[in-house]
Amino acid sequence: MKKYQLNKKQLPSFIDHLKKQGTVFAPHKKGDASYSFAKVVESDSVILEYNRTLNSIKKYFLPPRELLLSYSRKDNSYKKGTIGKEKKIFLGVHSYDMKAVLKLDYNFTEGNPEENYLLRRRNSSFIGVSFIPDEFHFSQSVGMPVHDTDGFDIYLEKNDDGYTVKIITEKGEKLIKEFNGLCDALDISSNHIQFQNKLKYNYNRLPEVFEQSWNAEVWEEVAKRCVGCGTCNLVCPTCYCFDVEDNMDLSLQNGTRDRSWDGCMLNDFAAVAGGENFRKSLADRQRHRIFRKFRYITYITGEPWCVGCGRCTAYCTAGISIVDIVNQLCDEYEQKYLNRPVEQSGLNLEGL
Amino acid sequence: MSIAISDIKTQELYSPDISEIIAIKRFTEKEKWFEIRLPEGRSLGHQPGQFVQVSLFGAGEAPISVTSSPTKEGSFELCVREVGMLTKIFHNLKVGSTIGIRGPYGKGFDVESFKGKDILIIGGGIGIVPLRSLINYVIDNRKDYGRLIILYGAKTPDELLYPDDLKLWDKSNDIEYHITVDQGTPEWKGNTGVITTLIPGLDLDLPNTITAVVGPPIMYKFVLMSLKTKRIPDKNIYLSLERRMKCGVGKCGHCQINHSYICQDGPVYHYPELKHLQEAI
Amino acid sequence: MTTEAKNKPKVAFFDFTSCEGCQLNKLNLENDLLDILEHVDIVEFREAMDDKAEEYDIAFIEGSISTPSCVERIHDIRRRAKMLIALGACATQGGINAMKNLQPIEEVREAVYGDEKYRFPTLPAMPVSAIVKVDYKIDGCPMSMPEFLKVLKSLLAGQEPIKPDSAVCVECKLKENECVFDKGMVCLGPITRGGCDAICPSFGQFCTGCRGLISNPNKNAMLEILTEHGISLDEAKKRILLFNSYDHSQSMPK
């Protein structure tokens, strides 16, 4: 692997160099204390040291709202929505968000490969950046250390003077080729970054826990505190459920068929005509959400479908923590099936 | 897991074929039958038990089972119950109107593997709609199959569908046909009682009988119990599930139960597969 | 319903006890209004009780029902209207007007009418649906313009509009807003019915719940969220009831 040193003050010119090769998307400040991926206009407004962005880069491949078709009711004709073919460069992606894209790749190609997703997804390059895990990140526990470079073309590892630039793929090599000003890599070995937040079991032990978790008590307990707002679904980088709706313009002749993100925590997600709702209670829906991340697709692919980004926890207004839920499942599992004393998992559900 | 994104051939999943309604019949107050012709009279190429996504611009899409047999050429048939917005607009369409069709989707009945077997059909209410595709398929390939036994139940005589087919099944000495309604009327001469009352009296060649059950969610529990009492092995039972659907192609997540997408792995399931899926029945 | 020129559906707007904010809102439609007029005849009536036997295809009702004469009038309108649609929080939920239900009614009359209170008999403020059948509700205070247009279009196209039943948070997340909780505010978005495109949080304001609550709201959990964020339990209940007292004051956890 080739390595270089990029000093802090070279960053804007590096970004300018990237901009010559495609549209660059990178984290920017948003609101008082948040971050969001956006198209880079001013290279010096990019922020590479951030905890997490509100939404992940999923939004570029599966947009929150997307036009599928535009139709005319007069003659029942329609056109597909157009999808740009521009070259996209994503700068400053954390390893868990990259992994989430690889997981979406599976969901959108498995069975029926979806054109909309794939057209958007192609022509993308990814430049990763290291991060300091905060109290919500736990990607290490699901098998993704900070410096996991899977999926990246280039990886930037923070050091005292700037970044160690690691060239991962040929595509990455090309991106950087004509940028002069890179120095030789400093002789520092990458430091292993610790996480404050951890699952009690490593991900490869979780299947045995989830095997026994259908009737766990935690579902009802969490449901008492949950308001069913769907935030945890919508912010998750590996959630991909959507709703489709037809909208008409005022001519009452023409309109669009649009899809938008949906979530299994919402009331009518599994409701059908005639009033039947296959997951009526919040407990059923919580279980579905968590099983979607740790059992259902995992059963088929062998991988957890949660990347440990911590968004569902950081943005839940009720403060419901996915780590606490999983850890409590581990405790219940130990108690019921392994007959071992329970260690405190830190979950405090008293007073509910 | 890394997938070579650029090598994958993409599919236009959401583009319906604009098709024409060529005949309509009203069965009951709530149900109508439609005959549909795809562009250039192309055949739909479905299996009995599969469904299509019907697309009405402005109203959206709905999954509807194909009710005609694949042996029928040049057109296919749907039977639609009016329950809400889209189905209401569908009911107002006339012969000559066009609708969008995507599909066929999902897994239907594996008619190949049923060859040589007796077929027991149990249909409750609108559940008869996909089963009629299977029934007609068996009738059209009669020599490939053993006995054909049809149990059909509806709430009232007014709610019975397919009056012409029912007469045909009744007259045919090649079909054992039993019908019941939950509540009779003074004119009703046939059985009254729920569909499970028809099961105990059947004389079946157990290991050689395939049972296909379709009905409302609540019916399954009771029918499965009766079938158990009758000692029909689970591996001979097939049933079809209904859930909310948006895409029909395994993407939108709405139809999921456990690790299974009903629009992909169903709607028809082999019962042993379902037994271990919590939330299924 | 057809939209042919000679046979345009007749649409009327009626006002009950409200601030008329919704009316103003409707007139702000500007360009869209012209397009609407292509499809409908608007016959606007403020006083319907004259005995003109006018009939309407769609009657839009604003404001809550709060006097015996309102009750008579709404019955009359219902009789003449093929479809009756409640517009704005006052009409759909009793709105802020229904807050007065929480105080003894005499006190309210005293405060509003002073010495003349006996000339103005008043009832607890009620949503239109408490008296007559309402075919559709367009929520919000003021009512949501995009929803109004959407419903009108659906109806004119012969369809039944579908009521959104997910929280304001959903729309907030679709727009990638920073949550106002992270700005130190408290917000009713998590249990409030969406459909307004999270307009308040999008402008950095908290949601006051003006569109009513989603179905099966977990009020206990919402109270917990509010109190965790430094609001007293009493105040938290008041916030939830501001727009929802008619439907929810009975079921509010003690």
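Going by the order they are written in, the chains are A, B and C; count residues from 1 in each one.
Throughout what follows, contacts are C-beta pairs under 8 Å (C-beta built on N, C-alpha and C of every residue); 3 or more make two chains touch, one makes a residue touch a chain.
Please read all numbers here as calculations on a predicted model, not as lab measurements.
A.B. asks: Viewed as a graph of touching chains, is the assembly arranged as a line, ring, star, complete set, or other?
C.D. replies: Contact map by chain: complete.
A.B. asks: Tell me which chain's centre, taken as the mean of its C-alpha atoms, is farthest from chain B.
C.D. replies: Most distant chain from chain B: C.
A.B. asks: Can you compute the centre-to-centre distance for chain A and chain C, using the mean CA position of each chain? Integer Å is fine.
C.D. replies: Result: the chain centres lie 37 Å from each other.
A.B. asks: With chain centres taken as the means of their Cα atoms, state the distance from chain B to chain C in Å.
C.D. replies: That gives a centre separation of 42 Å.
A.B. asks: How big is the gap, in whole Å, between where the Cα atoms of chain A centre and where those of chain B centre?
C.D. replies: Distance between chain centres, rounded to whole Å: 38 Å.
A.B. asks: List, in ascending order, every residue of chain C touching at least 2 other chains.
C.D. replies: 157
A.B. asks: By residue number and range, which residues of chain B touch two or more other chains?
C.D. replies: Correct list: 58-59, 84.
A.B. asks: Two or more other chains in contact with one residue: find those residues in chain A.
C.D. replies: Residues 73, 248 of chain A touch two or more partner chains.
A.B. asks: Residue numbers of chain A touching chain B in their complex, please.
C.D. replies: 68-69, 71-73, 76-78, 80, 102-103, 105-116, 118-119, 121-122, 150-151, 214, 240-246, 248, 255, 257, 259, 262, 264, 269-274, 276, 278-279, 284, 288, 291-292, 295-297, 299-301, 303
A.B. asks: Under the stated contact criterion, what part of chain A meets chain C in this complex?
C.D. replies: Touch residues, chain A against chain C: 30-34, 36, 54-55, 59, 64-65, 73, 223-231, 234-235, 247-252, 260-261, 263, 266-268, 282, 315, 317-319.
A.B. asks: If you look only at chain B, which of its residues touch chain C in the complex?
C.D. replies: Its residues touching chain C are 58-59, 84-85, 88-89, 92.
A.B. asks: Under the touch definition given earlier, write down the residues of chain C that touch chain B in their complex.
C.D. replies: Residues 157-160, 162 of chain C touch chain B in their complex.
A.B. asks: Considering the complex alone, what residue numbers of chain C touch chain A?
C.D. replies: 3, 32, 35-36, 38-39, 149-150, 153-154, 156-157, 165-167, 169-170, 173-179, 181-183, 187, 189-191, 214-218, 220-222, 224-225, 228
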